[in-house]
Amino acid sequence: MKTRARLTLAAVGVAALLPVLLPHPFVLTIATQAAIWALLAASWDLLSGYTGQISFGHAGFFALGAYGAAVATKHADLSPWLGLLVGAGVAAAVGLLTGFPALRLRGHYLALVTLGLAEIIRLVAQNWLEVTGGPFGIHDFRSLPGLPAGALVAAMYQVCERTSAGQAFRAIREDEVLAQTLGIDTTRYKLLAFTLSSAFAGLAGGLYAYYVQLVNPVIAGAATTSLVIGMVVFGGLGTLWGPVLGALLLYGLYEGLRFVGVVYNLVAVGFVIMVFVIFFPRGLAGLGRSA
Amino acid sequence: MLESLLEFLIQGVVLGGLYALFAVGLSLIFGVLDVINVAHGEFFAVGGYLAFAAVVLLHLPGAAGVLGAAVGTFLLGLCVYPLLIAPLKRRLGGRPQGPLYLVLTLGLSTFLQSSLLALAGGDYLRVPPQVSGILDLGVTAVSHQRLLVLAVAAALLTALFAFLRFHPEGLAVRAVALNPDAAQAMGINLPRIFSLTLALGVALAGVGGALMAPLFNVYPAVGFPLTIKAFAITILGGMGNPVGALVASFLISIAESLSVMVIPSQWQSLIAFAVMIVMLLVRPRGLLGRAVSR
Amino acid sequence: MLELEGVRSGYGKLEIVQAASLQVGDGAIVGIIGPNGAGKSTLLKTAFGYLPPFAGRIALDGREIAGRRPDEIMRLGVGYLAQAGGLFAEMTVHDNLVLGGYTVSRADKRRAIEAVYTRFPLFRDRGGQLAGALSGGEQRLLAIARALIVRPRLLLLDEPSAALAPRFIDLIYASLVALNRDGLAMLIVEQNVEAILAVAHRVFVLDLGRNAFDGTPAELRASDRIRRLYLGEDEAAAGPGL
């Protein structure tokens, strides 16, 4: 497993170096966006894979981060780095708030609540013209290279695998009652997971905004949710590096298929989700590992 | 004041017919299979496309379009249980893992929606109304097409509830929803009932899609906003309780319609989601609850 | 009639029944007793198809039925009465009976339900009531009546006396004996050792998922070891509902 983790981090490193080695603008675009998606996928895994609180609303945190960053630079004229923090902060705040009621909900009820939240965020983004620019979104704000995404992923990995918080997360997912009897403050850790996860999702959103230079309500929609969940299911829930690998590969597939014809790429994502949920529950991370 | 109240009330009732067709099927599927069908809206879209194909491409009368949509979505729905849900069930071995089925149907939704995009393109297709004309009620005017939706919804749902209440197969469906183990001991074939129920549920959505095609136009993502709203409706009524879904459909549609008097219309949909979140926090079992908690 | 040989089964990866064998002859009443967690109910569920066996043979009239679904086994003439919650509590008494006749023709169903109402007038009076509103004993009786609608040849019963007042236990067992006289074979899992020993032709003792003993009730009572381990220290002084 350690080898695989190292391989993935190496892949991330290669992705980061690729634009330097092959300075074709298209490669840079793909690598950067893939890294951003990897960050988003990893953030989802932190919440859903590690503590078992499956969220269908990460598109919402992503959008909050993106809009927060865009608004900060466009309307408040802050530097992009501060804008990133604003976006992450907004996402984290909403994430923390969501974490409280989430404590009382299980399984598909939690998934539906988060889905509803993402929809509300999308609706607000679509209709709050003065702030969000409505359906057309915001554009023409400052930019930032997308590559810090890779560093952030590594940071998350450290948190999840090395710290005691990470161990607590996994204990909660395996058997929450047992974790409680072992003295783990499950409430605190579940809230922490929500906050961290949404903060990183917000960071991904901010990086996305600064790279793509356009935010609109679509990013809070179903395609984002599908892609994120697809990437994690593909790569392997609960391993963090699995979703990163899944994101890099799936995003590569997604963009690569764009050459075949714009319309086919999401079909592959949907297909991958179904096949992997049924037949390969551990994703790529589980292949070759004994059940 | 009273006039506009009445006007919005009527519009709300008419809208409720569509919501009911959609939400009752969704709730029934959850009640019997314990699966939340995220792809429900895609069957609505398929219904619209089938109506388009029948009426615009094959020049058949409007009724044929609706019938074709019903049959087509029913047949498509029959494939879902054996091809997707049963294999996952086999692997999970009966352990409850609700979110995994959600992910599965999310995958199906993405697959269907983008397949439609690939096969038919993203253009908004126009379908002529099955009936034309407007009913003038003085206080407000309602198009005959919208009344048709309400009428068909009323007819189909009445038939469905009668089926569930009186017909032996309908009793079997209810039995499976209540107690699958006991149902098997009665000789009821679970996979068959699962397939049948799912197909019935999505066929209702398909009919809705065919009837609303003239009003919404037909495009791949036409059903998705309805799906999310239907989640809210079924949670309000009680997931798994078709009667609850029926009642909640009208509660939500009338609330949305009346809300236009106080908030700008683009924010209408917020009501449904706000209601859903409140219900999930305060009373997850919904207004009427589920017949039995499993 | 029913033969289980070397059956291993359980839930998921957990193996509860390690190696169990038993036989039910035509028209016989066979009991399964043993301590809690011995795998008695699990074995019964496996026989009816609720659980797929990990290994072993299950044959009905010589035909292999391991791995078949419960509704398939039911159609071969086997009825199953769950320990609790076997009825559709949220449906009426009448609808429960109608469901009991799911596999037979409308005419047969009507006749059979009529026979039930004649034999048990209380169900006719309360036909429109929810089954869950009946008392525990009435519910048990309803479950049996429902299972009989399709005229099974073999009944599998999981602790028919559980949580019942002694009066009802006697009534249930009297009914079972009467049904057996008409040729209905039964395989009964029981915690109430007295009740089953009084009526069974043969009893199998299950412990830790394996066969520990089998024989006629007389043979069981004759063995000091069995009496001490499974029938209670002082057999004569032990009351019902052990």
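Should a chain be cited, it is by its letter among A, B and C, assigned in written order, with residues numbered from 1 in that chain.
The rule is simple: a residue touches a chain if its C-beta (ideal position, glycine included) is under 8 Å from a C-beta of that chain, and two chains touch if they have at least 3 such contacts.
Only a predicted model underlies this, so the values are computations on that prediction, with no experimental measurement involved.
A.B. asks: Given which chains touch which, is the overall layout a line, a ring, a star, complete, or other?
C.D. replies: Its topology is that of a line.
A.B. asks: Out of every possible chain pairing, name the one holding the most C-beta contact pairs.
C.D. replies: If you count contacting C-beta pairs, the leading pair is A-B.
A.B. asks: Identify the chain whose mean C-alpha position lies nearest to the mean of all protein C-alpha atoms shown.
C.D. replies: Central by C-alpha mean position: chain B.
A.B. asks: Would you mind pulling out the distance in Å between where the CA atoms of chain B average out and where those of chain C do?
C.D. replies: The separation of the two C-alpha centroids amounts to 42 Å.
A.B. asks: Report the inter-centroid distance (CA atoms only) between chain A and chain B in whole Å.
C.D. replies: 31
A.B. asks: So how far apart, in whole Å, are chain A and chain C when each is placed at the average of its C-alpha atoms?
C.D. replies: 53
A.B. asks: List, in ascending order, every residue of chain B touching at least 2 other chains.
C.D. replies: Expected reply: no residues.
A.B. asks: Would you pull the chain A residues touching chain B in the complex into a rising list?
C.D. replies: Its residues touching chain B are 54, 56, 101, 104-105, 107-113, 115-117, 119-120, 123, 126-127, 222-223, 225-226, 229-230, 233, 261, 263-267, 269-274, 277-279, 281.
A.B. asks: Provide the residue numbers of chain B that touch chain C in the complex, in ascending order.
C.D. replies: Checking each residue of chain B against chain C gives 93, 95, 168, 171-172, 174-175, 178-179, 181-190, 291-292.
A.B. asks: Where on chain C is chain B touching in the complex?
C.D. replies: Spelled out, the residues of chain C in touch with chain B are 12, 48-50, 69-71, 74-75, 79-80, 82, 85-91, 95, 98-100, 102-103, 147, 150.
A.B. asks: Name, in rising order, each residue of chain B that touches chain A in their complex.
C.D. replies: So the residues of chain B touching chain A come out as 36, 84, 87-88, 91, 96-104, 106-115, 117-118, 121-122, 224, 228, 231-232, 235, 264, 266-267, 269-270, 273-274, 276-277, 280-281, 284.
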